[in-house]
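We just call them A, B, C and D in the order they show up, numbering each chain from 1.
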Amino acid sequence: MLSFASDYTEGACEEILQKLAETNRESLPGYGMDRYCQSAARKIQEATGCPEAEVYFLVGGTQTNAAVISSMLAPYEGVVAAQTGHVSIHEAGAIEYTGHKVLQLPEKDGKIDPADLQEYLQNFEADANHDHMVFPGMVYLSHPTEYGTLYSRKELQAISEICRSYEIPLYLDGARLGYGLAGEKNDLSLSEIAHLCDVFYIGGTKVGAFCGEAVVFGEKKNVPAHFITRIKQQGALLAKGRLLGIQFDVLFTDGLYERLGRHAVEMAAALKKGLKQRGYTFFRESPTNQQFVILENDRMEQIEKEVSVSFWERYDEDHTVVRFATSWATREADLEHLWEILDRIEAEREK
Amino acid sequence: MLSFASDYTEGACEEILQKLAETNRESLPGYGMDRYCQSAARKIQEATGCPEAEVYFLVGGTQTNAAVISSMLAPYEGVVAAQTGHVSIHEAGAIEYTGHKVLQLPEKDGKIDPADLQEYLQNFEADANHDHMVFPGMVYLSHPTEYGTLYSRKELQAISEICRSYEIPLYLDGARLGYGLAGEKNDLSLSEIAHLCDVFYIGGTKVGAFCGEAVVFGEKKNVPAHFITRIKQQGALLAKGRLLGIQFDVLFTDGLYERLGRHAVEMAAALKKGLKQRGYTFFRESPTNQQFVILENDRMEQIEKEVSVSFWERYDEDHTVVRFATSWATREADLEHLWEILDRIEAEREK
Amino acid sequence: MLSFASDYTEGACEEILQKLAETNRESLPGYGMDRYCQSAARKIQEATGCPEAEVYFLVGGTQTNAAVISSMLAPYEGVVAAQTGHVSIHEAGAIEYTGHKVLQLPEKDGKIDPADLQEYLQNFEADANHDHMVFPGMVYLSHPTEYGTLYSRKELQAISEICRSYEIPLYLDGARLGYGLAGEKNDLSLSEIAHLCDVFYIGGTKVGAFCGEAVVFGEKKNVPAHFITRIKQQGALLAKGRLLGIQFDVLFTDGLYERLGRHAVEMAAALKKGLKQRGYTFFRESPTNQQFVILENDRMEQIEKEVSVSFWERYDEDHTVVRFATSWATREADLEHLWEILDRIEAEREK
Amino acid sequence: MLSFASDYTEGACEEILQKLAETNRESLPGYGMDRYCQSAARKIQEATGCPEAEVYFLVGGTQTNAAVISSMLAPYEGVVAAQTGHVSIHEAGAIEYTGHKVLQLPEKDGKIDPADLQEYLQNFEADANHDHMVFPGMVYLSHPTEYGTLYSRKELQAISEICRSYEIPLYLDGARLGYGLAGEKNDLSLSEIAHLCDVFYIGGTKVGAFCGEAVVFGEKKNVPAHFITRIKQQGALLAKGRLLGIQFDVLFTDGLYERLGRHAVEMAAALKKGLKQRGYTFFRESPTNQQFVILENDRMEQIEKEVSVSFWERYDEDHTVVRFATSWATREADLEHLWEILDRIEAEREK
């Protein structure tokens, strides 16, 4: 079945497959101490313009969020996030499982508004009872957000300044960062992100790898003490760390990561254009690889017989929001196929 | 200094002091196995009209909330609470510390609206991705709420029915239950609460005891397995359980608990009347012992030099919400003294 | 029934009862901010010869252990304790509940042997795989131990030096400290303990109070950041902190704490002497208020009909170890009564 | 450099590499809902003779132990393990991080002795104070153990019977199960293991896969409620579950898993023989792929310049225990190379 269900429905890009095969019989140390992890880290230092960055490779996104957040928070602290942030809703309480509260702010286009953050932190400081409250100890952003939207440079600068004035680390979840860097009208480079955030991760799973996320601690070098032990303690230390090192080494060779991102966003732009031409209503305007469309429930059911998309949320009694996602693996032929299906369905409906 | 700062600023009612002295040299087993705990439990079974109830005594409110909630939730579940609920904000993340999320609903007069609860549970069930979300595993109410308000019988019945239809236990935090039972227009008896909720606690600390909260598991008898061990594990098992047993035995003898509640609410009614006569603006209408008043900041500062009240929240640039609390220990003379101070301040301000 | 079951079977010493009554109607701030907590802290600073000490009051022992240990350990650290230490066995996993391992060393007379500690720490440092292990982050001693034994000054000095050379804080659980200070041949003063340990607690519950333990952070002033918030988060912050402050203020006035300790140990010495004269076999030699006796099971059953003692552990098929505990509340008449009972039982058995 | 350092130093067996390439562009659902996971599960049901088994795929061993153990224990329970068990020592406190104690029994050849287990459980039940202790809620075995040893059928039967009589689930950590099934004198089949244990896992990471462990809940079907949500909560749910499904599907096709195991054990037998012929002293007798040798420290240093082995533990002042591990990837040429190196070193030493 034709699928626009998500950006993790295929395996890995060919370059990764090939490198895994080439290096397969090399005997390498475990737990991320191999030369591919080291090489990948160096390439990421270069790509982020942050030669002093420290880079760690983990397997998946929820795991990375839990490991980074819980390791950087003091026990009496929580993490500030948009109410629609991945850690707020879709990680089965992984942050609370580590003993920390997610302190939710309102979302605007899936993002935290700098003014809301400023007000929240100011009120907390002013509250005479705040010793009985959870202290804000980190700010979490996702970029792109869960609605495919992007922080502008100005927004990220504003949030970064607020965080620094309150001495609270800023963490950016880049599960789909490749698709953000290639986003329409995006004005944030990887290097700017590395310098405005204290820690962030570059998503591999959704951008061409079998698995893997690269955590980057930037210029402040504020890696939690004994971070490897903490990763192990949380069951997140991969024995054959090579699997992650090799993949990121490939992704950060010759601009592959950027190319994969660009391709998916071009496919998404074509998808958006085609859907708009056909009169579909968009739930939110997204400049990246995820597109959110409001469908009448009966039309949705008809489409889903031939095209796999994702349920996003109930819109009203009669309508549902669904997500169409492109990825590094989407082909032009997939779009052609989609138009053929949609046009046929519409023709049938008109009868 | 004259104090209306809270309902836990004095020691314990005289009857408790006397009984502690009388029983002091009796040699009794520890950890709540003594005859006073047993006698208090029997009296609470009677007062709640629930002869099959199981009663446990803990020291304080946050501790009780953490012990009850964490013991009744499965690991993948969270507790549903109003966004202003005590567990949501003012317990320093004690629930998250046990690994569970507080799932926040909007507050209306400090309460959960049954319609909001119904909608939330319905949406959760319908959400195709809910395996990646925290499951609602308990509903938490405070009664009186953090704003002194009370659920009506109709509201509690509605919430109870919703909980039962979704097979989710209903828990009521009665830190100030005595002041709720005596509340103006209150139409909920202790027995009705015991039958509509699955578990609740009767607050002692704020209603005449040095310390102590009585947790009541009602007719469903759904006490968590090895609850004593769980209480111990959370550091909440008092060695000299007698201290709690004796106090609750006294409070539930000859209607003392009710009398203490009634007295505080009468004092609060007089307080409210006097403040209204003097033109003070109320932030919320409260039928119980806590009264919330909006004060100009400079007036507040002047008052606070002679009367201890509690900062509640910032109202706007120039105004603050403060709480005046009465209790079992408030005397008519205290009110007289308050009027004398306030009237003098106003006279000075007018000059 | 005559009871030697434990040292927490009576209420509180008369001086405490009286002071609670005297201060009962004073309006005082909550959460340990009252003048009695402050006064008690000052008296403890004096008694420990540590004017810079910071003192916190908690309700019970397990709670105190969990709060102190979890707040002072980094997430990747565990606490080193004797395998018979209270935190190792008899706290229902309260330490593990906070996410930390208890790293058990062999016990010698209930104590940690400095040589064992040294070897353990040395091996840990030398282990090439220790990044995959729990780091030792604190050493826990109980004094008196669970077998009533005491560290000598030389032993505590040796352990303290080892801890300091490895930069690991030393914590002493003084649930029965009053009985240790008065112990036969004890050569450790309160001031020496305060200077050799980094943090310790002075037990109130078992030495004359209704409840309460005073945590003392000594000259290093290494109080965990936002310790009050951590205490609140663990459900251990008493609203009416006065209850603890008043009791410790009384205990540390005019040497009362020492007197209570001395009395119990004198009673224990008389108990030991009487039991030895009667030919009872001791399981361990204890210089403090707990005495461990090996009884034939049938004799035990007979005795327990008239005297309450504590099961300690199975000795063999036919014998059990039981504990006789004296306390501040034991009276000479109780001993007379005991002899009368034991002698009558022996006379009957001989028939 | 020649390596016998561990069994996870190479990539994956060729059959896996090939299948990953073949299936790479198939669009498959995430989170383990794909057809390869289903096919792998069916093949494992067949191989274990347990058609009703439920099978889950996780990424790594520590993660699997934490997810399974924490999900099957009640909050007041701990897991019983040998003091040398992987969960006891080498997982950085991952079990304690989930709030549960590891209840350590003495090890005999790395194994739990059934008699010790029986005694422990019996004593726990008999202990009058066990409400203040951690309840044994699961028994954990590793097979092969951390010393390469194996439980005999008789031993596993005895342990299984004890567990069933106490109604405690039995869990077997099969990180190296393939090497156990092929072990010298091994008399336990996969099917017997599946029927004697309540849950176990079949290790992939160390037996030919890039990563992956297959958790098998046997005939009792006691999968924890909402296990997928718990896995997600612990950050252990792989987005591209296909990566695990495909690998296990390959491993359980045409007896590959067995063949890989057999090869490694044959290599280990040749290794053992060659080392014994050369007069090396073995620390423990191991029938599987890990061989433990005691080396003089200076000889060790010389060898390690040319052969990578693993530090295991300090033996005494002058000696160290090292591990030589073979695996599915070891070649006869590697052994030849080893003999050449060792013989040359000995010749040099004799000069």
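Keep this in mind: contacts are C-beta pairs under 8 Å (C-beta built on N, C-alpha and C of every residue); 3 or more make two chains touch, one makes a residue touch a chain.
All of these numbers come straight from a predicted model, not from anything done at the bench.
Enquirer: Counting C-beta pairs in contact, does A-C beat B-C or the other way around?
Expert: Per the contact counts, B-C leads.
Enquirer: Among the chains, which one keeps its Cα centre farthest from the Cα centre of chain D?
Expert: Following the centroid criterion, the farthest chain would be B.
Enquirer: What is the distance in Å between the mean C-alpha positions of chain A and chain C?
Expert: Using C-alpha averages as centres, the distance is 51 Å.
Enquirer: When the C-alpha atoms of chain B and chain C are each averaged to a single point, how far apart are the two points in Å?
Expert: Inter-chain centre distance comes to 34 Å.
Enquirer: Which chain A residues touch at least two other chains?
Expert: Only 75-76, 91-93, 97, 99, 131-133, 229-230, 232-233 qualify.
Enquirer: For the complex, give me every residue of chain B touching chain C.
Expert: Within the complex, chain B contacts chain C at residues 1, 3, 5-6, 8-12, 14, 17, 20-21, 23-30, 59-67, 91-94, 97, 205-206, 210-211, 229-230, 232-240, 242-243, 308, 329.
Enquirer: Quick check: in the complex, which residue numbers of chain A touch chain C?
Expert: 70-71, 74-76, 99, 131-133, 135, 225-226, 228-230, 232-233
Enquirer: For the complex, which residues does chain C have touching chain D?
Expert: 75-76, 78, 89-93, 96-102, 104, 123, 126-129, 131-134, 311, 313-314
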